[in-house]
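Here's a structure for you.
Labels A, B, C, D and E are assigned to the chains in the order they are written; within every chain, residues are numbered from 1.
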Amino acid sequence: MTSRPNGEPLVRLSGVNKWFGELHVLQDIDLSIDRGEVVVVIGPSGSGKSTLCRAINRLEPIDKGEITIDGGRLPEEGKELARLRADVGMVFQSFNLFAHKTVLENVALGPVKVRKKPKAEAEGRARELLERVGVASQADKYPAQLSGGQQQRVAIARALAMEPKVMLFDEPTSALDPEMINEVLDVMVGLAKDGMTMVVVTHEMGFARRAANRVVFMDGGRIVETAEPETFFTSPRSDRAKDFLSKILTH
Amino acid sequence: MTSRPNGEPLVRLSGVNKWFGELHVLQDIDLSIDRGEVVVVIGPSGSGKSTLCRAINRLEPIDKGEITIDGGRLPEEGKELARLRADVGMVFQSFNLFAHKTVLENVALGPVKVRKKPKAEAEGRARELLERVGVASQADKYPAQLSGGQQQRVAIARALAMEPKVMLFDEPTSALDPEMINEVLDVMVGLAKDGMTMVVVTHEMGFARRAANRVVFMDGGRIVETAEPETFFTSPRSDRAKDFLSKILTH
Amino acid sequence: GDDADDSAAEPTVAEAPEFEAGTTMAEIAEAGTLRVGTKFDQPGFGLENLEGEVEGFDVEVAKIIAGALGIAPEDIEWVQTPSSVREDVIEGDEVDMVVATYTINDKRKERISFAGPYYEAGQQIMVASDNDEIDGPDSLKENPDAKVCSVTGSTPAEQIKPYLADPGQLVLFDEYSQCADSLRNGQVDAVTTDNVILLGFVSESDGAFKLVGEQFTEEPYGIGITKGDVAFCEFINETLQENEDAYIEAWESTAGEVEGTETPELPEPAPCA
Amino acid sequence: MSPVFDNIDLFVDGFLTSLKIILFALAGALPLGVLIAACRVSPIPPLRAFGTFWVTTFRNTPLTVVLFFCAFGFPELGINRSFFFFGVLGLVLYTSAFVCEAVRSGINSVPAGQAEAARSIGLNFSQGLRFVVLPQALRTVVPPLGSVLIAMMKNSAVVGAFGVGGDLWSTGASLTSAQGYATFPIYVGGVAVGYLIITLTAGALLQLLERKVAIAR
Amino acid sequence: MSQQEQAVLYDAQGPKARRRSLIGTVVAVLVLLGLAYVVVRRLADQDQFSMEKWGPLIDPGDENFDAVWRLIREGIVNTLTAAALAMVLSVVLGTLIAVARLSLGRVGRIPLIGLVEIFRGLPVVVLVFIGVRVLPDVGVDLSGLPGGQVLWGLVIGLTVYNMVIFAEIVRAGVASLPRGQREAALANGLTNWQTMRIVLLPQAFRTMLPAIISQLIVVLKDTSLVTFIANYDELLSQGESIQRNLGNPIQTFFVIALIYIAMNYCLGRLAQYIERRQARAGRSTAGPAETAGLAPGAAPVGGGA
């Protein structure tokens, strides 16, 4: 998956700023993510985690600063942007599977329409991916007939089908029942082990500990702290991180 | 709150069965809950926890068996049913505050309309309760203006305002952001300490350990295991409980 | 109806006339008001002006009858009765009589009775002045593309049907003024209804319209009253006979102002039944 | 109800004429409404403004007034067509505003996440629209669009009064006022029944369609 | 709002897209202006802009100006009277039908459903005709009521048509509320009827306000149908009367149309204002996802002429 063997980071944000009207949601964000690296983004609600994640494939345009992927600047529109997005997989909190298409069609749609693969080939590959995420038996059902955990795994397969260079996850497990969280996290851990570059917004410390190379803590639109997972959870440096962790950890 | 000082259980389910069409969601449920007891119900999704909880105040009618509260059989309809429901507080996963009424009105509505208390008295009492759950300052806002944790605490105050004999909680924290879960659990632990009889469907082991007298594990519509919290979490007897715990505990 | 000042002289109002008890006349005289259904949209016969007063030949005829009942013009209550409601308002006792370019025919006599006739109209055809192709009802069959306009539910609309090559030639509106507008902008080729109504439009058109062909029907206008009220019918007929001068003046101050009209003679009344 | 059976051929003709008005109006109002909806959601401000103007005008003007301007206004612009054409046109213009709103609300009812997901796998605008947004919008559009179209069928009654004639409504008018039949049997037994046949059939078809588009979920 | 709407369909614009939409803007403006020019030109050729035709409507010095506007004012008052009566009656009766339909059993509901289907299936103009003309024919006498037979016939026709539509709107509104609202009320000890009255109906009205208002607009417009049926001096009939005397139908109906648009536009804005105020207070219950297919501002369930 890593095509260019240079030392440059795969994703680089420098001086990124974004406003929603008055609200300054991203403030001077600098962040580099290397090939094969798994970065977990954590922080209180409204701190800008989702916006950061969405900015990387320009679902949200930024107002200042620069984002490069694989050395190239993020295109602003048109064919180039579509092509870039095909290279960046995205998994949403609410799955966003295409409700009117079967699971198999969901996964095969991108390869057929964007990558122009023959339908049979795309479906074959789609079945392999569904197998890999453990929902092969559901291929012909509609999303609404699946449990949340199954839907999210299909969403991951859909993103993988495009053979992306990097995958973005925006709270992929927070809409799930507790028993289903692990089936999704397991798939993600598997991906990480296989060397996928990943940016994951999540509160699941288990995942961060097992799979992340780095934890990025955001608050109020800024990156407040960056650390190894173990260090971050046991001895966070900033007060804000301490406060946040104390809230989510006690129970 | 305990008016009759006899030794009979406050809530008793015996031989309770319920079907949704073909689906047998409650199968021969026997369960007694004493005054002041706190029972946590736990189990996989679809195991019938919510249905059990809702059957106790007849939001779901049952098909077979008997439920008694404070020695009396659950009335089937009409005024008596409404009166009984007033004695059983219920807190929902999705808060279900009345969206068109302020927080104060939400809490005072039942006492005024059901208990026929004078408005001023009901509102005075409502303010006390809002104080107790820590949201007194929000009294005049509308529910949508509050965070999830605040809404859920208002919902608890609303239930308390009816001076119920027993309170039912159906996953009260699972719709909340992680930072807000504790503020709700703290209120619930407080209630338990004050001697309220409670049935709580939850996956929060912290709460179960701190406040529950008993844990009831359900699967496939049956009560599979009943135990003290510590025993249950450290050494569950049944395989299904072991399996379930392994799923929700690893991450 | 342009100017209000040169309209008819006030008709004579009988002072406290005597009527046999129980008759319609006695009831009306007792009530002190006469409820008259007429058109509000028929230039020359019954048209409501911007001030809310109605003007026209029908209106004046009604005033003559009111006068004989001892009722002054200002005590008449005018009720708008478009063609389609005339029987209904009589049957529903919403009016005492209807004077509204109301053609006497047998079908209508099943529901109401007529006094009169007080005027003999006849159906004719109006076209644009530069139209040479249509010179009477019979040319409609020869020009199957020609459209002829009339009003929904009116007798002229029924009576033109035999002259048509195709029912699609007939265009129906709510009002004759809409037919005249459509003739002006070329949407229809002819308008048909009673000659007197058409004359009103011809005179307003500054030479844009003309009448062609002979009257091809007889349209005796009657006064609609409750079915079987013979006494009232006879009273109306007598009143008109006795007031021929007022009748002629009524014509001349209203419909008679239109160029090309002839002052009619009061027709012989039909027997009341 | 013998007045109805006596004139059953007139009623059948009226029924067919009404049906004809409805079918032509349907064929016009649907595409026009979709076009206006496209204007309303387009990224080009004057087109959006035009769409809004269109909807505001035709939604807030009585159909009678719209029909008046079609029958008497267009000829003033030098456009001479049959009154049937103008009548149907009036109904089309009027209905298009409602069709537009139904379609637009259907598009808006597709969760934003669907379009975002389409974008994030690299589909371009027209692909996202064709493969993801429109097929789903269709589902939510069908019920309100159906009501709009059934309302249009009922509104066709008003068209008859503008020079068209011969439809159900005008048949009732000419039987009662020119031929002197009593109103009750003609309107309740004839005209109303005719319209009910049309609208209830349309309603039943609509439910079938609704079930059909809903089934894919 | 428009920002939000577009977000569904369109990506954020880049520089090229912005340029393209600028070009589109210019072209669209030119085309629209050209069209407007042709229309104005042709009307001018037909002498439709003469002061003779417009004067009575817009020139206070014209001899007919006062009379014309007196008629129009009367027309507005009469239109609003009939519309207001029909609105109140149909909302009240519609709510009763909705509540009955929601609380009756499966069997008890059937006659109500039949009623709803029949009245919804008929053109308003037919129902108004029945109200104004057929009712007196079959012996229902309304002429004793203040305002007279025609007004009440019209109001009855409009009410019968619209009450079933309001019933459907209210029912859909109640159905669109999250199930939890009803359950929470019951769990709090309220009876079924209290739940309906205190918790469900007020919220249903709020969620369905856009639909209710667009139906109210329909009611207001439909008062004009009475012109085909009987004499009631509402706005459109007054317009007819004016143009009959002045011979300026295009001009008169243009003004009449503007008045209708203005009245209805105000009604629509009122709805938007209320809606926005509620949204700001955060009082709306359900997100669009939860309201079963009924996006806010959804097209009317019924829709008259």
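What to note about this one:
Keep in mind that, in the parts below, a residue touches a chain if its C-beta (ideal position, glycine included) is under 8 Å from a C-beta of that chain, and two chains touch if they have at least 3 such contacts.
What you see is a predicted model, and the numbers here were worked out from it, not measured in a lab.
Listed here as common contacts of subunit C and subunit D: E. Chain centres here are means of the Cα atoms, and by that rule the chain farthest away from subunit D is B. Chain E has the Cα centre that lies closest to the mean of all protein Cα atoms in view. When C-beta pairs in contact are tallied for every pair of chains, the largest tally goes to D-E. The geometric centre of subunit D is 16 Å away from that of subunit E, both derived from CA atoms.
Subunit B and subunit C have CA centres that are 82 Å apart. Averaging C-alpha coordinates per chain places the centre of subunit A 47 Å away from that of subunit E.
If each chain is reduced to the centroid of its CA atoms, subunit B and subunit E end up 46 Å from each other.
Multi-chain contact residues of subunit E, defined as those touching 2 or more other chains: 11, 13, 17, 133, 137, 227-228, 249.
Residues of subunit C found to touch two or more other chains are 85, 88, 174, 181.
Here the touching chains pair up as A-B, A-D, A-E, B-E, C-D, C-E, D-E. Across the complex, subunit C meets subunit E through its residues 40-41, 43, 47-52, 79-82, 85, 88, 91-92, 94, 174-175, 177, 181, 204. Across the complex, subunit E meets subunit D through its residues 2, 5-11, 13, 17, 21, 24-25, 28-29, 32, 39, 42-43, 46, 48, 117-118, 120-126, 129-130, 133-134, 137-138, 214, 217, 221-222, 224-225, 227-228, 236, 249-250, 253, 256-257, 260-261, 263-265, 268, 288-289, 293, 295, 297-305.
By the touch criterion given at the top, residues 178, 180-181, 183-191, 194, 198-199, 202-203, 206, 281-285 of subunit E touch subunit B in their complex. Residues 11-17 of subunit E are the ones touching subunit A in the complex. In the complex of the two chains, the subunit A residues touching subunit D come out as 57, 59, 78-79, 82-83, 85-90, 92, 94, 96-100, 109-110, 113-114, 142, 144, 155, 158-159, 161-162.
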